[in-house]
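Two complexes come next, and they have one chain in common, chain A, joined by chain B in the first and chain C in the second.
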Partner chain A sequence: MGKTFTPLILPLLVLGMALVPVIGSRALVQDLFMVLCLLVLALNWNMLAGFAGLVSVGQQAFVGIGAYAMFASVILWGMDPLAGLLVGGLVAMALAVPVAFFTFRLNGAYFAIGTWVVADIARLAFSQWKALGGGTGTSLPKGAAQEMLGVATVRGLIGGSKAAAVDALTYWLALALVVVLLLASWAFLRSRMGLGLQAVRDNALAARAVGVDPLRLKALVFLLTAFGTGICGGLLFIQIGRISPGAAFSLLDWTAFVIFIVVIGGIGTLPGPVIGVLVFYGLERLLADYGTVYLIVLGLIGIAIMLFARRGLWGGFVQRTGLDPLPLSHAAPAAPAPTRS
Partner chain B sequence: MGGAMAILSLQNVSKSFGALKVTQEVSFDLAPGEALGIIGPNGAGKSTLFNLITGNLRPDQGAILLDGRDVTGETPMQRCASGIGRSFQIPQPFDHLSVYENLLVAARFGGRLTAAEAPAHCADILRRTGLAALADRKAGGLPLLNRKRLELARAMATRPRVILLDEIAGGLTEGECVELVATICDIHAQGTAIIWIEHVLHALTSVVSRLMVLNFGRMLMIGAPDAVMAAPEVREIYLGIEA
Partner chain C sequence: MIWLDTLVQGLMLGGLYALFAAGLSLVFGIMRLVNLAHGDLIVLGAYLILGIGTVTGLNPFVAALLALPVMFALGWLLQGALLNRVLGEDILPPLLVTFGLSVVVQNALLIGFSADSRKLPVGPIDAQSLPLGPVTVGVMPLLTLVSAVLVIVVLNQIFYRTALGRAFRATSDDPVTAQLMGIRPRSIFAMATGIALVVATIAALYLGARANFDPSIGPARLLYAFEAVIIGGLGSLWGTLAGGLVIGVAQAFGAALNPEWQVLVGHLAFVAVLLVRPRGLFPRAND
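For the complex of A and B:
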């Protein structure tokens, strides 16, 4: 069943999601844009923490860096916001090199604290950037988003206002990021390097003994996820249109919620973040009016899952049904090997 | 001069943990394709010697040469790629990977095989080590005996030229032991050099052509198994028999 199930349901789901800007309200598009961006962040964090064992609580650093680099590209260097996205991803990846250099000396909880400290230093550093509004922040120039590459085409396609076209375009980009990330993660995890990564996660000592270099693989994942997180940061703030250090480097918005999503969905599983983001969105709709209570409920659910269902909802589902539509495993060759003389 | 012929050569290697001297001035050469046995009481420093050879530990003193090349500063990954494979005394499987995938990692990384070459290589080893029926089972769920088999199989999958085996026969029944010896003889027959630490003496001596005795980190003797076992100081120290 798993074999025919996945190739069918995934494209259908994506198609359905892609139609939202055509048939849905603008409010729904904006809502789901946020959900998709959280999913992008969750897919990245899951790769990092769930597969590479790098439990970072400082990924908001790369959201902020990506967002600020995008703003700088548009405001200071007069680039198109879409090109700014790419700059954001690349700058985030470049800055991940020194970050890795320092934080990789730390293990476990110390690594987590280290990444958080780095993110806070980044927030403080960017609030010194006067050309981008310092501590109070700044907005994208009037019309920058609406003159963005592709907006006119989208408008020709679905009609409506320029602002609605910007929403639709950013929404589709977020959806495309999700699809690309899902497929790329799957391909990566099934590759030689992904196999090595899973070996390192299980037993670093033995992995070294069979020739796998844990540091190299972890560094690679750290850089790649910084790239993905940076792009997502840029995209988020094209849509939001206004940046400030507090918003761009928000621990709560870009890391705490993301950790929650991955943990309830199933850390170290590919569909986990997708399930997690659905639950998160549902809870948000139900409880958003209750403010603090909402956060407390989220926290309690997160803790309950960590205590009683370590592999999250998806892990529990796979365990109970034996069904895994995105299997990462390599089956042994069925035919007996040729015998040696 | 580590002997131009030696595939592996230890020169005056020493290692201490604080005041505890676990390896003291150990020197020996291993010829290509040779099978060497190591015996010695518990805590004599046998496993430590393996960790020094694989690069998990750095010696305080001395040098380790592979094909005459000094590898003392190299990482375990580099040494694995250069042809040193090992099993761990306490099995260290990749729990969430299948038995086959445990071998596949080893074949793709240490063994440097391509995606096309690795499956047949691994399947062949699974069959030779009696693990074929368990290929798709998660390694974490295996009982101890099969974990030990997996240690051997995974080390073989890295396509080593020297394989280091650390007490893989303990706890086997007579029949299983015969099978294991056959498998190791088979590895040896393919030209792989072997260093085997073992307490099960009859299994060991049926494979190796030289025997080394370690005691308090020191190499007490090295030579033909019969001669070593007959030596009074070995009988006294290793077997606890007064001469």
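For the complex of A and C:
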């Protein structure tokens, strides 16, 4: 029954989300924009850590690189911020190549530390870029975001101020990114390569024995997630409008929160990050007035999940009910293989 | 002469990093546990020393002696009650649990002690210096380096000369066979983490005595410590000392070139060593 249920409810949900800028307040749009961006980062990190077994603590490197490349495109090369997004993604992916060459030599826990060091190197290196404000950072030129491609169209569509139109546009882009990522992840994981990836995660030796090349698959995932994370970084900082090395390469904002989101929702499951980001948002609303208590609660929940329910809320749900609306596994073919015509 | 001076300063700084790293190296070597909360536990140790000193009026050096058993008990409990449950083939659970622990400890300290930076009042020794051949060195930095070497010597003695150390090595090499010989890995691990936090307390003493500290500085210090452990080589305590010195010297030379480059040059030295020797300088165990 799950299989007929899912394809119906997803487009409806996306449609509802898409209507938020039309009917909701600006504050809500900005809030949900943040949630969607965190979801993009979480989907990427889940792909890395949950499926490819690459536990990175340095994804903030690619957020920062994407954001800085977008700022450079706009400020130094006079490009449109939307084109800057693409540049951000491409630069992040290009820089992921040397990063992979270094960090892939380290395995397991060493890899985590290696990526963390790389992210810190990136933060310190970008602090040296004087044209973009060095250590103190800089702002997008006045009006750059409001003159952005598509803002006028959006304004014609929903009315309101230019700033509200920018909010709506970035929100829709984030929503589109989430949808594309979800569909692409699902297609990828169900594909031959995705199957190989999960096989490597579950038993590397057995997977290699049947001809899966783990290194090639992992490198591919690393580069693609760097691309997605870089674009998301650019998008975040179009909305924020101001960049500094500390904010762009923040371990807490772009990696720690993301890890908690994935772990709470269910690492290594596709709906996990979605569930996780909902819980995260709820907790944030609930405990917004107690900054530090909020973080302590988040930490304790993360620990509890690892102790009592390793597969997170979604994994626990699937295990308990046996119901998996978004199955990633391929069922063994029933007696005779299904005929293809 | 300025270069010699920088080198000596770097070695002293490296001593501090080696102290941060020694406990980490022990735990890492024995049970392959990456403790992401180690930096915050060191900061916790510094606050404990500060608290004991404030309440009793004792000198931080004496207060640290009182803090040692408390921190040992904390480490023992932490490993026995929490970390032992998540150790296994999969490296993800221990990473995430210690990561959560790091966030919890850091923010609990923030609530308890506010974000104000503190310093341990060690008295006149803080400002004293010794002429050592052509260079002059501060007494506290020198004491840090000497303590680091002593800690490594003592840990090596425990590791290679005692029954406990034999159990450590056996469990590190082959936990299943060690179990057959009547060793209980879980209690061995609890002892190891207890000892690691004793070393962390010594590190906390010098951390707090040499510079200001506040609840948020744990993770950055942890990163230097990890670099020392990794370039030293898994399971080699002398390697960890060497790793700490490499990072310290690199940072000192970086800072001499441009104050903004201190940390960056340290990281680059880490990358350079690993590019040449992916398993570190003196690897003992296989990972």
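Rule of thumb we're sticking to: the second predicted complex is superposed on the first by the 335 of 341 C-alpha atoms of A that agree within 3 Å, B and C clash if a C-alpha of one lies under 4 Å from a C-alpha of the other, contacts with A are read in each partner's own complex, and residues count from 1 in each chain.
Just so we're on the same page, a residue touches a chain if its C-beta (ideal position, glycine included) is under 8 Å from a C-beta of that chain, and two chains touch if they have at least 3 such contacts.
Note that the structure is a prediction, hence the values are computed from the model and not measured.
Note on chain A: of its two partners chain C and chain B, the one contacting more of its residues is C.
In the superposition on chain A, A:A209 makes contact with chain B only, not with chain C. Within the superposed three-chain model, A:L124 lies in touch with chain C and out of touch with chain B [touch as defined at top]. Shared-chain residue A:Q198: touches chain B; no touch with chain C.
Legend: residue contacts after superposition of the two complexes on their common chain; A:I267 is shown touching chain C, with no touch to chain B. Taken together, the two structures place no residue of chain A in contact with chain B in one case and with chain C in the other. Residues 192, 195-196, 198-199, 201-203, 205-213, 329-333, 336-338, 340 of chain A touch chain B in their complex.
Contact residues of chain C toward chain A in the complex are 28, 32, 34, 82, 85-86, 91-93, 95-97, 99-104, 106-108, 110-111, 219, 223, 226-227, 230, 260-261, 263-264, 267-268, 270-271, 274-275, 278, 287.
Across the interface of their complex, chain C is touched by residues 49, 55, 57, 102, 105-110, 112-114, 116-117, 120-121, 124-125, 127-128, 135, 251, 256, 259-260, 263, 267, 292-293, 295-296, 298-303, 306-307, 310 of chain A.
Contact residues on chain B toward chain A in their complex (touch as defined above): 54, 56, 75-77, 80-81, 85-86, 88, 92-102, 104-106, 108-112, 115, 119-120, 122-124, 126-127, 132, 135-136, 154, 157-158.
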